[in-house]
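Below are two complexes that have chain A in common, paired first with chain B and then with chain C.
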Partner chain A sequence: MSIDTAPPAGATALDATSGAATRRDIMHRLLMTIGPILAALVIAGCILLAVGVDPLAYYGYVLEKGLFSPLGIQQTLTRMAPLLFLAAGLIVAFRAGMWNLGGDGQFLLGAVTAAASAPVLVQILPAWLALFCSFLIAMLVAMIWSLVPALLRAYQGVNEIITTLMMTFLGTSFANVLVKLVFRDPGTTVPQTRTLPVEDRLPRLFETTITSGLLLGLAAIIIVHLVMTRTAFGLKLRIVGANPRAAVHAGLGVPSLTIAVFAISAGLAGLAGAVDIIGVQGNVRADWNPAYGLAVIPAVFLARMNGFAAIGFVFLLSVLSIGGESAARRLGVPNHFTLVLVSIVLIVLALAEYVDHRYNQSRKA
Partner chain B sequence: MSSLSSSPAFNRDIVALEGVTKRFPGIVANDSIDLSIRPGEVHVLLGENGAGKSTLIGMLSGLQQPDEGRILVDGKPSRITSPRHALALGIGTVFQHMMLVPTLTVAENLLLGGPWWQRPRTEELEARVAEITGSLGITVKLHAKVSELSLGEQQQVEILRAMVRNSRLLILDESTSMLTPKGIEELGALMRRLVEQGLAIVFITHKLKEAAAFGDRISVLKLGRKVGEIPPERFRALGEQEIISEIVELMFGRQKDDPEAVERPVRAVDAQVTPLLQVADLRVAPTDNAPGLSSISFDIRPGEILGIAGIDGNGQKQLAEALAGQRAATSGSVRLEGAAIEALSVGERRQRGLRYLTDDRLGEGTVGTFPVSINFFLKQVGAAPLWRSGVEQRGEIDKRAAELVREYDVRTPSLKTPVARLSGGNIQKVLLARELAEGAKVVIFNKPTYGLDLANTLASRQRIRDTAARGLAVLLISTDLEELLSMCDRIAVIANGELVGTVENAEDARTRVGRLMIGLAA
Partner chain C sequence: MTGLFSEVFLSALLFGAVTAAIPLLLAGLGEQMSEKAGVLNIGIEGMMLAGAYLGFVGAFYSGSLWLGFLTGAAGGIAVALVMALLCVRIGLNQIVIGIALTLGLEGLTALLHHFQFSRSYPRLPAADATVIPLLSDIPVIGPAFFKHHLIVYLAVALVFGMSYLYRRTQLGLNLQAAGDKPAALDVAGIDVVRTRTIAVLTTGALAGLGGAYLANVGAGLFIPFITNGAGFLGIVLAMLARGRPVWVLFGALLFGVCLSLTTAMQVAGVNIPTDVIQMLPFLAVMIMLVLFGRRASLPAALGIPYERGAR
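So, the complex of A and B:
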């Protein structure tokens, strides 16, 4: 094998060659990411043509409403706040090899408990402390909700994809029940929680409508990224994710790490719910379920679980969803076309990955 | 099918292997193997687990392609590209685990794989089966569900399936492992009748008795190499006991041209010193796929190497894992420097100085996608000075890793290279560096040279000798008797999860250990 004949590596000799290699690697990554996205836009354009919509007009509206108009970009950035928290939670779980697909249930329970607690707490506590407590409660409730799949996975090896998905159905229904039966605002006829007054919500940034939750979201995802890549705890989680048997062999407490992963991931999803309520919505209406949790998963995959790349893809997702809503209204394309677009991107990306892998294999052989 | 008459074609090889080599990441599974498979012969492939039998079968049945060398079918070099292609060439394989659909009837199973656009030709099949079973003297219930058949009957169905497809070469992979003694006898008789009809059979086993009883020709594999062959003429001339002892010699004996054979330097281990590791009555419950351990007791003194010999799969891995803390022991005590450690976790035992070098380098020893540098420190994640208050000190890690790379001569393109890209020998060096790092007192080596090339084998052995010379206690688990004889002070033999005897490594150790391994008294 050729590796055998390489000289023993000295630390100094390594860095000169690896610099160029890293640059080539980054270029390759960019090409492998942007190429498929452009291809997906073309394919989605063909679908639009097939249903009789001018794709250029559609993309034009999306960009104009989601990116270039002042109001649109503010909405886009506001939408990013909960999505960033969710993405942060998914990064922790996915890097540790655990597929927490229960984000929506955890998100809604966090949202409902935040919506129920915040209007009460602001009356008895200073505003900042009240909001902090609401965040905390939302996080804890979501963490507790993740205990069932976490314990089942840690001690019984039950597949968490199935348990978290099932728990998400229960969670959304339970959140609904809470709104209708327990936390219902007696002052309104529609079933919803009491509304947090606008002045008590998270402050807006400067003179815009952008919520300061965006900063919290950015902080969350950057902290998660640094913890996962730079700390011993993050490395332990990545070992569990990359090779669970090696984790056992190295003496890591896999069950307790598993529970920690679920708690962190779900806690961040609960915070996502809280930041959306306390920052933007102010209350939760019954049957409200934006399904952000599932929408974020492709973005995290596209980013290959890298926190900084995830910020970019979450931004893209926000532009698409805000712009897509507006373009849908004007051109009569269903609102869900955004999801069609995102899924086409994902499929094309997977295909590109496969082709690239085969190409590398055949070149090696 | 050719008749038994001595036509000139009869003694020509159906399939021949010439210098076939197959490598997997980190392991040479088959090392330039020559094999000739002839009609009318039961060719026994004998070897322990990991000797390369399954890989060889994989290549003959089209599941894998050789990296070097060639396979001749009827004298013509052929590439067997798929199992379907192998069947078309007349090579049928009965795998170790049954490959029948349990919910279908025997007839339906036999008809699987026919053209999908045709109706199953049941009548044709029945006639063909009657013809085959008649000539072989077996009965097969065509309309019984497979799940209702015994394992022996299922195996007959699999053999029948190969025959229905006109196989000229039948490969039986560890076919006796699930059969009752009576079933084994019947299989032996069936094989005899099959070869009398001019078929060639390759019979894989690791049981010596079966090899001697059923074979015409025996090839012995050891660590990927073919170490010997007993041709039919010799086979007929020898009695069963003589054959077995010759096989034992081939499997465990010293090869004349073995360059690895190094005389063991005589070391004196002071018998008065208190042992570093004391194991008493260790017991582990058996699981579905692994034997348990019972009444394991031994001591190892500082500077001593205790070898564990035995046929692979007799509890060696369980023993290593129980000592390292990866597998729960049901009873017994393990003492390190006199202090009981049997209740401690893996990490705490390592902290005390107990190190376990696993035989599964990529499966559990390393995280293949992680860089070489991190893999050096997998077992001390979070410890100072490489991590400070939980934060990775990249400079420190790279500096220490570069030192280890130099010290242990790890050939890697860079510290950032994913460890799985290194050769087996270099991955082993990474593991050695990790386990022998500061603080080691007792080191368990599980098959430390398995799958390594000669240079790396010798280097690893020297590391182990140096380890003992430094005053550490060494437990060396190996299936290579040569290795144990060249390194150990004492050799214990494990069989069915029990230590059946311990032998001082003196002049007659080779034969005594060999006898213990095949179940005879030393």
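So, the complex of A and C:
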């Protein structure tokens, strides 16, 4: 885990001062992102050809639905809201050197909590206060859920990869139990929670269908980025991440910082669940698990835990998933192809970064 | 409720536990080897899925279960080859590539299944059991433990083979060193990349075999996402076992009993949502971790790609 703030690849001390060079840098970054994505599309296209689907038609639908149609882009931006919260939580954890792989469990518990509390609260409180309280409760529940891995890691040194994975399996089942037994809406036959009326959900932006949760997500990830790179607290966390033993010698309270990291990371994952429910879904159905966390983890790594880069990757993920869903429906390909596409994009991007890094090294040498 | 503890029921429960435990055992043993050598193999779920799909395809078209196991292992190795190339040879981030491989294989096997089998959902005939004479006549335990397919006994034998490998052989020590102090291994004249590659490919073979067993013997068919987190459970088992193969066996059996209990409860018509029972194994492990969670002894260089001369 590096503590650098990810200087743009190819920037050297000398040419960073001139404006032209920075522009070249940005161009270089863009090229290094778009090139691999195109390459990945070609590889995935070969798979489509192999199963007898026209790749151009498929990608056409992905772009049209995910990016260029007014309704599609609105859905894409709406999808970004929970993903941004998840990414923000992961940035905090990964920069502090803690592998919180339990995002999905924390997300679902946050979602169920929000779904259970919001419809009740809106009846007794003013709408804005009710939603705020729902967000708060969802965040607290997710934080409490992360307490076990946090305490085990902080005071017993138990590896958090095991514990968070276990807790995510537990959390997924537990969320289902809650939906089926505790918070079940008696008025429906399918097990699901009570539905939050559309007019009580988070307001939509202007005249569009985009949820205002997007703004909350953007705010969350930018605040996280600034806290991690510009504040003393962020520096402390980065030191813990870079070298926990050195952090102890520097006089940092590593156990309490560990618990803080887990709380923030899980809290943001819980908020991700809440923003998806209060902003978009309105209720939680039994066995609902979008498993966003698994796709966001590699994206955050590829963004080198940089908040602004992560926004870009989250946008890409959203375009692929919204566009893919629609293309799959129209061409009769199962939606699973989106997983293949995302996977190839991630691998090729990682490879491209490696090649770029080696090229820079050999140029310096 | 009287039927719940009858002899037949109990031995069926234990039989199911063994069947459920074998894929976890194979995955756990495989992951253990990777982790020993310093590679955190999160792609193991994908390797199991590749093994399950190709294992089923092999067994379905050839009619031979053994050929199915072979193609399953080959499928796991194929995915492991990508992992070894990207994460061991050129040192890309193991978590990124691992998760990407898992996602990709989830999608790919589901896609292929859709075009190949989604109309007919073909099934394999039930696997032949190798009945061990005398032992299988013991009441309850006999039918539960000694009437399985031959590969089950081989998998259990592998546990002891692995113990021998880690304790008594040069390769076992090399693997350990590749995870704890790769630079020292390099200085001793052993190729770190090669040692780790061997470990990752073995993981692939075992995970693929586990997947093939899951599809061919456990379920008798392939369905998308059939592994349902078995690979992640393998990672957990490997980490809990702290380098000892026998512990992987115990852990796999514990999970096996819980998984089998889920099915048994449903059959017996007990009125608890399956989700509650599904939580049992994880709850058991979390309680174990809270009670006995001393410092886990993970290899020092776990997850860190080796680059000669790097500091």
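Here is the rule we use: the second predicted complex is superposed on the first by the 315 of 365 C-alpha atoms of A that agree within 3 Å, B and C clash if a C-alpha of one lies under 4 Å from a C-alpha of the other, contacts with A are read in each partner's own complex, and residues count from 1 in each chain.
Here is the rule we go by: a residue touches a chain if its C-beta (ideal position, glycine included) is under 8 Å from a C-beta of that chain, and two chains touch if they have at least 3 such contacts.
Treat the numbers as computed from the prediction; the structure is a model and nothing was measured.
Novice: With the two complexes superposed on chain A, say which partner A:187 touches: chain B (first), chain C (second), both, or neither.
Specialist: Neither partner.
Novice: Can A:166 be said to touch chain B (first), chain C (second), both, or neither?
Specialist: So A:166 only meets chain C here.
Novice: Where does A:354 make contact in the superposed view: on chain B (first), on chain C (second), on both, or on neither?
Specialist: Only chain C is touched by A:354; chain B is not.
Novice: In the superposed arrangement, does A:235 touch chain B (first), chain C (second), both or neither?
Specialist: A:235 sits against chain B, while chain C stays out of touch.
Novice: For A:248, using the defined touch cut-off, is the partner it touches chain B, chain C, both, or neither? Pick first, second, both or neither.
Specialist: Only chain B is touched by A:248; chain C is not.
Novice: Using the superposition on chain A described above, determine whether A:294 touches chain B (first), chain C (second), both, or neither.
Specialist: After superposition on chain A, A:294 lies in contact with chain C alone.
Novice: Can you tell me whether chain B or chain C touches more residues on chain A?
Specialist: Counting residues of chain A touched by each partner, the higher count goes to C.
Novice: Can you list the residues of chain A that touch chain B in one structure and chain C in the other?
Specialist: Looking at chain A, the two contact sets are disjoint.
Novice: Touching chain B in the complex: which residues of chain A?
Specialist: Residue list for chain A touching chain B: 1, 3-11, 14, 17-18, 230-233, 235-236, 238-239, 242-243, 245-246, 248-253.
Novice: Could you pull out which chain C residues touch chain A in their complex?
Specialist: Going by the criterion above, the answer is residues 40, 86, 90-93, 95-97, 99-108, 110-112, 114-115, 224, 229, 232, 235-236, 239-240, 273, 275-276, 278-279, 282-283, 285-286, 289-290, 293-296, 298.
Novice: Name, in rising order, each residue of chain B that touches chain A in their complex.
Specialist: It comes out as residues 325-326, 345-350, 356, 358, 360, 363-370, 374, 378-379, 381-382, 387, 390-392, 398-399, 402, 405-406, 409-416, 421-423, 425-426.
Novice: Flag every residue of chain A that touches chain C in the complex, lowest number first.
Specialist: 47, 51-52, 99, 148, 152, 156-159, 161-163, 165-167, 169-170, 173-174, 176-177, 180-181, 294-295, 297-298, 301-302, 333-334, 336-344, 346-347, 350-351, 354
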